[in-house]
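I've put the structures underneath this note.
What follows is a pair of complexes built around chain A, which joins chain B in one and chain C in the other.
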Partner chain A sequence: MSGYLTGVLVVLAFNVMAAYAVYLPMAAGQLNLGIAGFMAVGAYAAAYLTNEMMWPMWMAIPIGSAAAGLVGILIGIPVLRTHGIYLALATFALGQVIAAIFLNLEVVGGAAGYPVTEFASPYVVFAAAIGVTLFMVLLSRTRYALYLTAVKSDPTVADLMGISVRGIQVSAFALGAAVAGFGGAFYAHHYNFIEAQHFSVLLSVYTVLYVLFGGTQTVWGPLVGAAFFTLVPELLRASEQWRYALFAMFIIVFMALRPQGLITASLFRIFRRRPKAAAGTEAQGKGASA
Partner chain B sequence: MLTQQIINGLMLGAIYMLVAVAFTLAIGVLNFLNFSIPGLFMLGGVATFGFLKMGWPFLLAAAGALFIAALVSLLVERLAYRRMKEGDADVPLVSSLGFLVLLENLVLIRYGSDQQAFPALFPDMNLRVGGLVIGIVQLVSMAISLGLVAWLSWFLRTTNAGRRIRTVAENRETAMLMGINIERLVPQLFVCSALLAALAGLLFAINYQQVTPFMGEGIGFKAVAAMIIGGMGSIWGAVIGGLLIGLAEVLSVSFIGADVVNITVYGLLLVILILRPQGLLGRPPAREKL
Partner chain C sequence: MTAATPALEIKGLQKSFAGVRAIRDLSFTVPKGHATALIGPNGAGKTTVFNLVSGVYGIDAGSIHVNGTDITRMPSRQRIRSGVARSFQNIRLMGHLSVLENLLVGQHVRASSLCALITPYRLIPNHKWKREARRALEESGLGQYADETVGALPYGVRKRIDLVRATLAGANVLMLDEPAAGLNPSETNALRDHLKALIASGLTLLVVEHDMHFVDSICENVVVLNFGEKIAEGPLSVVRKDPKVREAYIGSDEE
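Showing the complex of A and B:
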């Protein structure tokens, strides 16, 4: 694998992890515009542990991720009292505050940035991204994903059905934060340098863009969206200056033509052959068990 | 010293105020967090700069810039907002962000990423009152901002057109049943909000004598914070929020340091969102936004 290709794929891996961190709360109806802040928590916590505490990387990264998740729980409880656009803007403010705190934290280098000694090879990063994707796919097969959809579609009905709406909301928010922290911790150890300025609003906003572009109806949307946003600008390199302008134009036209995102549930129905036969076997299975 | 800083803060706050009113019009009436507004703000400054460079007289250049901003805003309405009814509510957010990226990169292609010096249009006159220095240009632009906002508030409260706008804000369906032509009203509102944002950008360029392709981002995001702090959808809330944010920013720069600006500004936003989500002057949300 050439150095260039490896570089692009590593960026893709980080974008996929970030996209799933946005996707999980969004599946519960929360628009998180502060995901970069949680990435920063994971990145700085893990880097601090390997740098100052001499922890091995494989222990520091999960702890970094857990730290981001913990911040997610602590902040999620008060912040999730708001919803809709208020929640989106609260997370937006939160991301800004977290980045600004790290910018002023001299223990981790402050504005000068923070070098990280341990190195995570590209293959480790790929494995992490594949792991996050598999985890999300597995999660989408569980009842938990169903609860998320229920809470997103109608919190009142979900509440009546006996689902703990607050619990599901906080857990989705915190789990998304933990995934973001996980990606951030790998980011710190792959590039061996982190600075607070990297974890900006634009990083959060672009990540949300990947997810909405890919589509939120299925678990594959974020993956496709992240891949598209990482790879297509690389292909457009031919016209260096116009790259982002063309790309932005494309986003606008695409969202006007297909507002539900690239990958939708109905798209899978088209590709799934003989749906009736599949339904038939399912019914048989149910009959047998009864 | 403190009084001088308070004056500077209020001057900066007047710019935030105009942009916050632009946001509040889009959100209060149309329920649309229009992220292209920072782009229109930038366009107001940069397009005036471009026209001046072509040798146009100031008033013509300013009018040209406002006209361009209004045209772009109509495009945003057509391509981003109209699609809202069909798809996910987050879609117009994504496309309006696409417009922000597009505008920034088009300006980048034309003028480069460097900061451009905006010509000093008016002789540098200052009022000196008991040791305080007040720029006449700043004073005039603050008067223009406040006057415009006061007029807008009067317009919304007393005129027939204002009553129509408030009806749409209250309830879209009912407004339609009452025979209000929403198809015509919405583009007018988009133009109005674009003119406010572009005028703010123009005033910013005149006061601080600089333009860059990315000048809209920081100001735009702080204006969103100002809008929420004051109360979403409330014009006088946006005024108070804008002035508060301007004060908080200037005071924390001069007394603590430039790096803590984001902590104070967005920390204030976060606290308000948790304690009083409807903002200082806002009514509690009667319905879900976004």
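Showing the complex of A and C:
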């Protein structure tokens, strides 16, 4: 693999992990605009453990992820009392506050940034992204994922069906934060340097865009969205000056025409229709004989 | 709990919205294993009663018992566990999910352990939850719609699916808000058979309905509301002769 290709794929791996971190709360109907803050928590916590505590990476990274998840729970409980634009603003401010704290925290280098000694190779990063994707796919096959959708589309009915709406919302937010922290921890150990400025609003906003573009109805949306936003600008490198302008135009037109995102549940049903119809009659036959 | 314990017992219920008294000192009981209708002109407070029993709104005064359990102060989320489930007047299914997925949401009360929550049931062919939901659909004659997207189905079918979802919660008291509204005659007949089968299986129904022929064929008792007050109660044949009821319905074709 060429250095260039490896570099692009590593960026893709980080973008995929970030996209899934945004996707989880969004599947429950909540916009988290502060995802970069949770990445920072994971990155700094894990880096501190390997640098100062001499922990091995395989222990430090999960703890960094758990730290981000814990911050997610503690902040999610009060913040998730707000909805819509207020929740977006609250999480936006939260991301800023977290970045500002690390910017002023001298023990992890403050504004000068924080060099990290342990190194995670590109293959380790790929494995992490694949692991997160598999985890999300597995999760999407559970009742938990079904309830995320239920809470998003009709919280009143979900509540009357006995589903804990707040429990689902807070857990999705915290789980998303833990995934963000996981990605952030790998980021720190792959690039061997972190600075608070990297975990900016722009990073959060871009990640939200990946997810909206890919679509939030299915688990594949964030993957496709992250891949699209990482790879297409690379392919457009031929026309250097205009590539971002063209890309931006395309996104505006696309979102106007298909606001639900690229990958939707009904899209899958169309592709599966024929084999599924056969399976359906078979199951009916079984039901009748039983 | 004895056999005489009513399925639903409402005592002295009061509810005001911004000073407007929507429900005034309402008391009635729904006996176990029977269908009772809640009727009255538009705006009489029938749906409000459902919202108060299911806990969408809190009440101002009074008490609500389901199967002998006091649910007056119970959070709305827990009420379904005491045995009361409901359907909705304006069908509230999750439109972009499949029929089967909507029914699985209805099963939550009986599958709410952490283990049930994180079992990747969709990867397991013919998982018991899917099998159960499919069987419930087939018993209602809706088996062919199991894998369809709910949003694309006709109104009458969605209405029936809303009902099937309510039955899957394992509740023994079902509150049905205008189940026959907007159905064509053949769909109404299918619904009647469906409800009769539910009653025969031992369920208790409380039905809000405008179609009096339908009410007459299903319900043994009716409770008549007008302006949030009970104005009559008893068998439909008796109640429809009541002067107060006639007055409430004046100008309406239903009486």
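In this text, the second predicted complex is superposed on the first by the 276 of 290 C-alpha atoms of A that agree within 3 Å, B and C clash if a C-alpha of one lies under 4 Å from a C-alpha of the other, contacts with A are read in each partner's own complex, and residues count from 1 in each chain.
Convention: a residue touches a chain if its C-beta (ideal position, glycine included) is under 8 Å from a C-beta of that chain, and two chains touch if they have at least 3 such contacts.
Please read all numbers here as calculations on a predicted model, not as lab measurements.
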Original post:
Regarding the shared-chain residue A:Leu235, is it in contact with chain B (first), chain C (second), both, or neither?
Top reply: neither
Original post:
Which partner does A:Ile101 contact after superposing on A: first (chain B), second (chain C), both, neither?
Top reply: first
**OP:** Could you figure out whether chain B or chain C reaches more residues of chain A?
**Re:** B
Subject >> chain B versus chain C as contact partner of A:Arg141, first or second or both or neither >> reply: second
Original post:
Given the touch rule stated above, what does A:Met255 touch, chain B (first), chain C (second), both, or neither?
Top reply: first
Original post:
So, A:Ala111: does it touch chain B (first), chain C (second), both, or neither?
Top reply: first
Subject >> Residues on chain A lying within both footprints (that of chain B and that of chain C) >> reply: none
Original post:
Where on chain A does chain C make contact in their complex?
Top reply: 138-144, 146-147, 149-150, 153-154, 156-165, 217, 264-266, 269, 276, 280, 283-284, 287-288, 290
Original post:
Given the complex with chain A, which residues does chain C contribute to the contact?
Top reply: 54-56, 76-81, 85-86, 88, 92, 94-98, 101, 104-106, 108-109, 111-112, 116-123, 126, 131, 134-135, 138, 143-144, 146-147, 149, 169
Subject >> Contact footprint of chain A on chain B as seen in their complex >> reply: 27, 33, 79-80, 83, 86-88, 90-91, 93-95, 97-99, 101-102, 105-106, 108-109, 217, 221, 224-225, 228, 232, 259-263, 265-267, 269-270, 273-274, 277, 285, 288-290
Subject >> Contact footprint of chain B on chain A as seen in their complex >> reply: 31, 78-79, 81-86, 88-90, 92-94, 96-97, 99-101, 103-104, 110-111, 201-202, 205, 208-209, 212-213, 216, 241-242, 244-245, 247-249, 251-253, 255-256, 259-261
